[in-house]
Amino acid sequence: MVIILKDGTSKEDINKLIEQVKSFGVEAKLTEGVGQTIIGLVGDTTRINRSKIQANKNVDRIMSIQEPFKRANRRFKQDDTIIQVGNAKIGGEVLTMIAGPCSVESEEQIVGIAKEVKKLGATALRGGAFKPRTSPYSFQGLELEGLELLKVARAETGLPIVTEIMSTDMIDVFEKDVDIIQVGARNMQNFDLLKQLGQLKKPILLKRGLSATIEEWLMSAEYIMAGGNENVILCERGIRTIETYTRNTQDLSAVPVIKKLSHLPIIIDPSHAAGKSWMVAPLSKAAVAVGADGLIIEVHNDPTNALCDGQQSITPEQYADLVEKLKVIASVVGKQMN
Amino acid sequence: MVIILKDGTSKEDINKLIEQVKSFGVEAKLTEGVGQTIIGLVGDTTRINRSKIQANKNVDRIMSIQEPFKRANRRFKQDDTIIQVGNAKIGGEVLTMIAGPCSVESEEQIVGIAKEVKKLGATALRGGAFKPRTSPYSFQGLELEGLELLKVARAETGLPIVTEIMSTDMIDVFEKDVDIIQVGARNMQNFDLLKQLGQLKKPILLKRGLSATIEEWLMSAEYIMAGGNENVILCERGIRTIETYTRNTQDLSAVPVIKKLSHLPIIIDPSHAAGKSWMVAPLSKAAVAVGADGLIIEVHNDPTNALCDGQQSITPEQYADLVEKLKVIASVVGKQMN
Amino acid sequence: MVIILKDGTSKEDINKLIEQVKSFGVEAKLTEGVGQTIIGLVGDTTRINRSKIQANKNVDRIMSIQEPFKRANRRFKQDDTIIQVGNAKIGGEVLTMIAGPCSVESEEQIVGIAKEVKKLGATALRGGAFKPRTSPYSFQGLELEGLELLKVARAETGLPIVTEIMSTDMIDVFEKDVDIIQVGARNMQNFDLLKQLGQLKKPILLKRGLSATIEEWLMSAEYIMAGGNENVILCERGIRTIETYTRNTQDLSAVPVIKKLSHLPIIIDPSHAAGKSWMVAPLSKAAVAVGADGLIIEVHNDPTNALCDGQQSITPEQYADLVEKLKVIASVVGKQMN
Amino acid sequence: MVIILKDGTSKEDINKLIEQVKSFGVEAKLTEGVGQTIIGLVGDTTRINRSKIQANKNVDRIMSIQEPFKRANRRFKQDDTIIQVGNAKIGGEVLTMIAGPCSVESEEQIVGIAKEVKKLGATALRGGAFKPRTSPYSFQGLELEGLELLKVARAETGLPIVTEIMSTDMIDVFEKDVDIIQVGARNMQNFDLLKQLGQLKKPILLKRGLSATIEEWLMSAEYIMAGGNENVILCERGIRTIETYTRNTQDLSAVPVIKKLSHLPIIIDPSHAAGKSWMVAPLSKAAVAVGADGLIIEVHNDPTNALCDGQQSITPEQYADLVEKLKVIASVVGKQMN
């Protein structure tokens, strides 16, 4: 942390401030020059009450240097986190493939798709039961009934199931029934939900918020991990930018950044990022090439009649074709698919 | 709604699609030309399952024309909504002033500030009890104890209290104890929370999300209103943009836009937008000049020792000075202050 | 400037780096701690070749502390810059009003509008002769003929003229004929143009780029000032954000920021920011309330038949009405209008 | 194009408006319903003066349907454009590799790097002679001397040279000496420069502006093509978003979008997007996987002593290693490298 002082701060006030920050147990060193005085701090600066320092009348501003996340930080855990889900591993040298429809619609639909993607080597089945929709008048998912259908599909195929939680009220149900609990982009900073998920042992798939920086995203992972649950899978699903042709802009550069800053696995959701089915294949190839640990893709056997997001779903045939190409690219970056 | 068809769609497929959309009870008219065919739809197009239409193989894309919000829409309710809180009214010709500290710290602090701002004509007292913090390691508020202290301050001054709810678990407590329930920017699309707040009668102060469009913000209001609670106060607190000098960019143009699109009152939070106390006064003046229905401002008797956001709080003296200037500007735009 | 070193950098390498930066004539002080080492630099750090330091294998990253602009910096010139244009002054306690059509269309049009706005106290006449249009197929302005018509309007009313330069090829013509040379948002970082304008004495109205930070904008002013021309007027015309209802988002918080960082005058263009005529009046009032030094507004006697931007132009009647209200607000913030 | 009318527009006014738009030679069809009336237009709507329609007092707003670009539009030219540069082709099944230093520093430097990258199969040599720098006090390039050194490197290796033009004043020199003329991101909407480049036959490498939408970028290509020069190569170099860890956010989804909308080749610049050398390799692999026609990469033999952007340059060794991996990925997407 660096404290930039206002011009004309007295020697006495500077010394008082240095004493104050040292009381938090950090090292502080003054650098003075014409028209500028700064205090450099090193050590565990997360202990410092920033608000108090910033409100000091002699402080112009504060700049952070240290990353504010600890448990998610690769600096403190060098090895990749590998998360066990049923028989599958997520992270490390594995390329995880999660596939399934936007929302669960019927037993026939979800079981049918589950069988198709299982055959093609998918690691897990996705499917929305509780749907976060911008409009209260849109289809909100089959809710508990949808969850039951996902369980049927799991029983038939052995695939672990991934589905989104929308409320702390549902935590008990999800802990019992769901294999990977998804936190949606809109709830990435629903801190109360994150805290309660931190009490579980279940893997959490944490989607990046629409305008969340990588640091904020890792801080949300930190909320879960601080509670004791270190099984966090990050998922990039596009950020909101000035481009309006695509629904969101897939930030693939987040992959090498996360790999540098954190030991957590990161997967890519090209379906929601682009919002267009014909962009899913090229973005998936790019995601694997850039080093992602996996993909979560919307696959629907009948996109034209899907109850939601049909325009961004690919068919099992397109999915099969894509998988073949991803295998070659995976080999270039040292990853293996099922 | 306008459906843009792909080149080469057959007459038969076009007719089938027109029949399909008409089955939702809307008017549909075809416009054909060289290299382009579109279908114009009018009526209540919110009834249409957009996903199905978008996934149709002949559909290039869909463009919305109608605003998707109904109860929040000025088209369907011309008069300004005026919300009663205790003896105070919010909306219409009233300029509402909500003031208080970032977080409740002690009885002395909150009661002291409450008395100061009451004297200066404030309509309500703000103060955080449950605090949404980016880091799990930061001060999270005094929680229930903070709520008790707010009630003491209310008892001493008669000021209604405004404080943020972070979880559906707290709805009963907030319904009983809080006068205006605040939904924070990070929970603007926590749809489960919005739905449950829609079951109450209490006024809801709905902050705009960091990257929410005005339409999305009104759709979140719609979630609350669809449940039966029409007492929604919108609050602009800055959006995330490319500018990094200010914490967020206050979007004052949202005020005339909201006034055109909706009948709901809108207030401005300059403290969180700028993140710097010296910007609170100019932004507050601009907010009143642009036509806002009120302000929510962080006031602290001792910013240097505030437990959070001290750098953006103004003192009661600065607040008093500001109020005098706002009165003149309010008169230019047809508003009255207490 | 602060240099953050990589973990494990040797004492020797640290000392070598400190010698290297000291050779640029700045003070450097080391702060060491567990897992983090930083070097704080004060003095004229703009002399340092940042690229070389950043590419050093031991450097994790660099953080700037000092503002990179010098001549535009209020730190080095406390008093407001006041720019003389004909009999008018821009900056200080004056509220400047620049008005006129988007583009010059005919002698009758430009002279007619000039007379109207002159009567209402305008300081200068705006009008586009060379128009930057997104499409090569749109009307590109009357070009040199438009400039001649502006000169006629100036001769008839005495109003100085403001118009946009699009190319260095036109510098001689603009120097001779134009009173305030406008640099458009799209050319804000056309550095060659800025350098050549720095050789003139004419006032330059420098619009903010669509996604330019305040710092970059001031650096573009610095380009002009570094050449010797200190007559720079900054103009905020909205930035591109996630909001799409308005054409751009007017960043009114830029006004207090510029006032703090720089001594240059700043005016607001509400017409281009919002792109809607009904938003011009509220945004103008807000601009004056927030402390701007003036406004540049599109006024057209017949918006429906304007050759460009008719939808954002107000009529002379609307302008007259607005001016009355601005006078009251100006008095609150210590400004005077003609 | 769709015209949305205001509520309560009279039959007569509607008919007048329909006549008006039909006079531009397009088809117009009315769709009426309760509370909403729209006019659908098809045909060459670029002929319509939008400004006039938008300013019509009965018009609520206009929505575009047709892409505004013509010559750049794949709709009107199905086959990929392939651009000949010396013996090399850019576009189609070729994967173009352009490599070289940020700026030309000396004969030894530029010739040395040119030989290295030539050996590794590069298609062309990049190197800045005129540098667009945010600060007037930064190194501005060797200018004409740098251009001479690039010519020496070309003579020694046979590699065509790519370098940036900053001003229309330099067009004659660039036409004579440069093989591919680069337009930088900051000049993407320097329309005067684009128009003059449209008069040449030389290939133009058009970088995307920092906050340019894909449509605006293609409209800038259209400016060049409208003048007669159809040799435009698009180059994505990152857009400005809310993420601040990377210098810009590489928008790889732009590649499939451009491929759908246009026949022009598109290459990726990972060096400027990320601003960090360790991200160049993963982003390059992703760029090839997503379907780009090539890469432009900063390669420097001594990044630590580079005069600019050393932190984002890779060494010839790293470049060689990358090329091997790209060959495999290229084969998956049907591309061939030298």
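Quick notes on this structure:
Letters A, B, C and D name the chains as they come in the text, with residue numbers starting at 1 for each one.
FYI, a residue touches a chain if its C-beta (ideal position, glycine included) is under 8 Å from a C-beta of that chain, and two chains touch if they have at least 3 such contacts.
Nothing here was measured: the structure is a model prediction, and the numbers come from that model.
Distance from the centre of chain D peaks at B, each centre being the average of the chain's Cα atoms.
More C-beta pairs in contact connect the chains of A-B than those of the other pair, out of A-C and A-B. Averaged Cα coordinates give chain A a centre that lies 31 Å from the centre of chain D.
Taking each chain's centre as the mean of its C-alpha atoms, chain A lies 26 Å from chain B. In whole angstrom, the spacing between the mean C-alpha positions of chain A and chain C is 39. Shown for chain A are the residues that touch two or more other chains, namely 211, 240-242, 244. Residues of chain B touching chain A in their complex: 46, 49, 51-52, 54-57, 68, 132-137, 139, 166-169, 186-187, 189-193, 195, 210-211, 216, 219, 222-223, 226-227, 240, 303-311, 313.
Taken together, the chain C residues at the contact with chain A in this complex read 2, 4, 7, 26-43, 63, 65-66, 75, 211, 240-242, 244. Residue ranges of chain D in contact with chain A, taken from their complex: 211-215, 239-246, 249-257, 260, 273-274, 278-279, 282-283, 285-291, 325, 328-329, 331-333.
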